[in-house]
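Supplied in structure tokens, the structure appears directly below.
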Amino acid sequence: MLKVYLSGEIHTDWREQITDGAAGLDVEFSSPVTNHEASDDCGVAILGDEPNKFWHDNKGANINAIRTRKGIADADVVVVRFGEKYRQWNAAFDAGVASALGKSLIVLQQPDHDHALKEVDAAALAVARDPAQVVQILRYVLTGELPQ
Amino acid sequence: MLKVYLSGEIHTDWREQITDGAAGLDVEFSSPVTNHEASDDCGVAILGDEPNKFWHDNKGANINAIRTRKGIADADVVVVRFGEKYRQWNAAFDAGVASALGKSLIVLQQPDHDHALKEVDAAALAVARDPAQVVQILRYVLTGELPQ
Amino acid sequence: MLKVYLSGEIHTDWREQITDGAAGLDVEFSSPVTNHEASDDCGVAILGDEPNKFWHDNKGANINAIRTRKGIADADVVVVRFGEKYRQWNAAFDAGVASALGKSLIVLQQPDHDHALKEVDAAALAVARDPAQVVQILRYVLTGELPQ
Amino acid sequence: MLKVYLSGEIHTDWREQITDGAAGLDVEFSSPVTNHEASDDCGVAILGDEPNKFWHDNKGANINAIRTRKGIADADVVVVRFGEKYRQWNAAFDAGVASALGKSLIVLQQPDHDHALKEVDAAALAVARDPAQVVQILRYVLTGELPQ
Amino acid sequence: MLKVYLSGEIHTDWREQITDGAAGLDVEFSSPVTNHEASDDCGVAILGDEPNKFWHDNKGANINAIRTRKGIADADVVVVRFGEKYRQWNAAFDAGVASALGKSLIVLQQPDHDHALKEVDAAALAVARDPAQVVQILRYVLTGELPQ
Amino acid sequence: MLKVYLSGEIHTDWREQITDGAAGLDVEFSSPVTNHEASDDCGVAILGDEPNKFWHDNKGANINAIRTRKGIADADVVVVRFGEKYRQWNAAFDAGVASALGKSLIVLQQPDHDHALKEVDAAALAVARDPAQVVQILRYVLTGELPQ
Amino acid sequence: MLKVYLSGEIHTDWREQITDGAAGLDVEFSSPVTNHEASDDCGVAILGDEPNKFWHDNKGANINAIRTRKGIADADVVVVRFGEKYRQWNAAFDAGVASALGKSLIVLQQPDHDHALKEVDAAALAVARDPAQVVQILRYVLTGELPQ
Amino acid sequence: MLKVYLSGEIHTDWREQITDGAAGLDVEFSSPVTNHEASDDCGVAILGDEPNKFWHDNKGANINAIRTRKGIADADVVVVRFGEKYRQWNAAFDAGVASALGKSLIVLQQPDHDHALKEVDAAALAVARDPAQVVQILRYVLTGELPQ
């Protein structure tokens, strides 16, 4: 069984495309909380309000880190998706953690970001352009089958 | 002696401000190659041209990784600077590596990036706003002296 | 599944509040032996009396360490509760072990101890004030649901 | 050469007694910042005020952690002193970190704390009652000489 | 249960001989993709053609590394088979990885390669000459039974 | 569930006493091959005769190491029994391995060996005198129950 | 200072070309014993003859491993040279060890071996074609200077 | 420079033979306290008497462990000498620790102990019969020179 953590962009359905595409494969997926609002507010919603936005964010980021740490630590493969918008520093941060822990890293991104992502790509075992390629990699790694 | 790796933005003189400010302290600084052009082209300049820009970048990023890996691995403290421009995913990647290796992380960035950097900041032991604060932290950590 | 070790104070029912509150979540809890007398006397009860109280305690503490080490080593999350009474150095010791092993640390304590616990809190991903908040964190981490 | 980190109580001169007593031995000592006020306020003095005392403490504790982490990580031996007053949870936390990292731990404390410290003591290689005993241990470990 | 990774030569049926021979034993086998063509072309088949054979190979080798890394990381025992033909540097590379990770290494090779493989053999716990011996080792390790 | 490796002396029924006594507890035991003859001859029986007794022993010891390494690596607790006869250096070696890997070590031996075993005992969390005490420790660690 | 271990082929003067070319750089080189005869016979020359060539080789390989292990463990960068002749499995084995330990790997080899070395190359940060390129990499990594 | 820890038997002058023989080589030796009486009594001499011999020994063994741990942790090579007398379980324990930490292990012992030491020998890179052979190994490892 392959454990795969799906990190990064949370505004499109790329995770569903991958988990749907991998139906039938012996893969266990995990991911961060992808509800943007919940993810931003979890800290103050549980532990109490902060007037200062910095600490509001800090409390939330630390609670989310409980899930992220476990997801990456348990994973065999970490897929990190960089989308078209936002700075997505947390995605690159996760890629750095995954790389330092010796996880197999797959980056999912479009060619216009190639130069900006060159250090992250260089640490990856594959740079995929769409979710279908990620599924094909997982299928090949598990079964040896290539796409027709 | 404290070993400090200065990662991230290479277009302003923040590294010089820190190293000048820390003159007299028992600190050994290291950093990536900060000549942007050399950093981009080192792969093909040494190992031969690549018609495809992706592999041009890949060769360069991997050679730069020799220096970066050693810099972070040897460091007690990793300072990661996020500037106003560019996506700087390599900076966030370095922060992830540093965090996973248990290095003390200091982030240097402006408040308008606070929300986008909240996961990186949450992994840091300090979020500084200017190079002088980084110097003050290093001085305090080494000598116990606070700014007047 | 999330493995959670519940360390610290053994005189109130905070562990029951958490395990009851987390009913239905995919969590596996472990904890030290919470029978105070058994915990104090296990060494001499099994391995023979010691006239010197120091060695009486030493034998017991080492046997309890078999359970504690495994509990922390296996855990994804370590919750450490500091109560109103006693010095609870073993709770802070467990927090240090958990931190050094890279476990996600949640501290459960009242505000009047904030200053005395500032180093422990700073190493934690959350500082909760009551068991219900710990349950809410575990629920959010596992399901993404926030309290209403 | 033996590297020794002196953790814990900062209100008496036990560190000076040890470093003076060890004069002439091949030992390199390190310790936290022992100026209580500077240690409490370093976070806000460098990084800016916090109206909430919790974050005031948090900023300071994290900056102090830069020094503490390095001190313990570099040490062969960690001496942790528990004094008569205060809760000293940071001392027990440091002992936990040192233990998890496989450092040789020496606890320095009075017999009336034996029961409360039994878990910490059980993780230690020596429980000393005064600084002179710590010096004698260091001298013996380095030279094989016992006290006359 | 014993996890065994079968690395190396992919042109003969030695893996089947071992897995058939070990029928009934509590062993879980894994191996690289042994379809030579698929293994060579997986990179370009999934991620797109490369005109330069070096990058064609590079993309494929990296995708295969996802499977290899997991196989070795999860294994208790790594069996590395060197055949009569080809240079099989990947087999020796896998043996080096396995050795550095502290895995129990079994080498399967013929005596005419003894001198060339002396460094690899010296890192192994057994040098077997045919698949039947590997099966006998696995049976003995699991059950204590020796061949009649 | 607690994983316990039973290392050392193979001429008395101490392992049976422990496994029988622990019936009903959530423990999984493992041990070396305890058939003395098979253990001595496994190397040559499988991999071919050696005229030199040194290499005869070497081949066997290495094959046995496959089982021992896994047993200790997987264990939470390593029990090492020193009997009345033989030098049992392999038992002390296993204790050293277990200690370096941070396993909970229980030594089972008679008082007349206390002085000779003082370094091994000092690394242990318990020194038991008979198999019943080991069972009582395992029961207490798992259930909190002390012997009546 | 950069520590570089030069592994692999011992029949040409590539090591001298690199060490000469790197004169003036802050590099410390190490390498295996490159006297082929001494390397082959060290085991029996020191520890006594073996009639069986397998054990003759085994004794030598193990003594050479003392030097190799230290060289790789201490290195920041491991350069592995594959020559035109011989099977050089020890070179690929060293590359595997270096890779598993997280060392920066540089492979030095000719294009006709590209396909056979694709797994090793994929684990490397650079694939150089001649010693001068290795020198240029080391110079760039240390000083940021590119070849003119 | 090679760091060598000399563990085991303390009643003959084998350490002097090795250190004298290695004069001029770039080796730094360390060893336990070899004054038998001091080694036995250091615990009570420094930390106070114990009426029970077990705790007398325990206190001493733990203090000696401060020196032993550092010696082995810092070493590249651990030489373990088994003499003709005594059980020397501490020597075998040190060998187990050294092996688990990946240190290069050299065993120094006479052939009549070969069978009893077969597990320890199998973990070693060399089994030497006299101190001169150990010196020859160190000289060869450092300089490539073989004995004439």
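Letters are used for the chains, namely A, B, C, D, E, F, G and H, taken in the order the chains are written, and counting of residues starts over at 1 for each.
Methods note: a contact is a pair of C-beta atoms (placed from the backbone, for glycine too) under 8 Å apart; a residue touches a chain by one contact, two chains touch by 3 or more.
Bear in mind that the values here come from a model prediction, so they are computed numbers and not experimental data.
Interface equivalence for A-E, evaluated over C-D, E-G or E-F, points to E-F, where over half of the contact pairs coincide by residue number. Of the two chain pairs examined here, C-D and B-D, it is C-D that is joined by more C-beta pairs in contact.
Mean C-alpha positions place subunit F and subunit H at a centre distance of 23 Å.
Subunit C has its Cα centroid 37 Å from the Cα centroid of subunit B.
Taking the mean of the C-alpha atoms as each chain's centre, subunit C and subunit E sit 44 Å apart.
Counting partners per residue, subunit C has 62, 65, 102, 127 as the residues that reach two or more other chains. In the complex of the two chains, the subunit A residues touching subunit B come out as 53-54, 57-58, 60-62, 64-65, 68, 82, 86-101, 111, 113-123, 127. Here subunit F touches subunit C in the complex through residues 2, 76-77, 102, 104, 106, 124-129, 133, 136-137, 140-142, 144-147, going by the rule given at the top.
In the complex of the two chains, the subunit D residues touching subunit B come out as 33-35, 38, 41-42, 45-48, 59, 62-63, 65-67, 69-70, 73.
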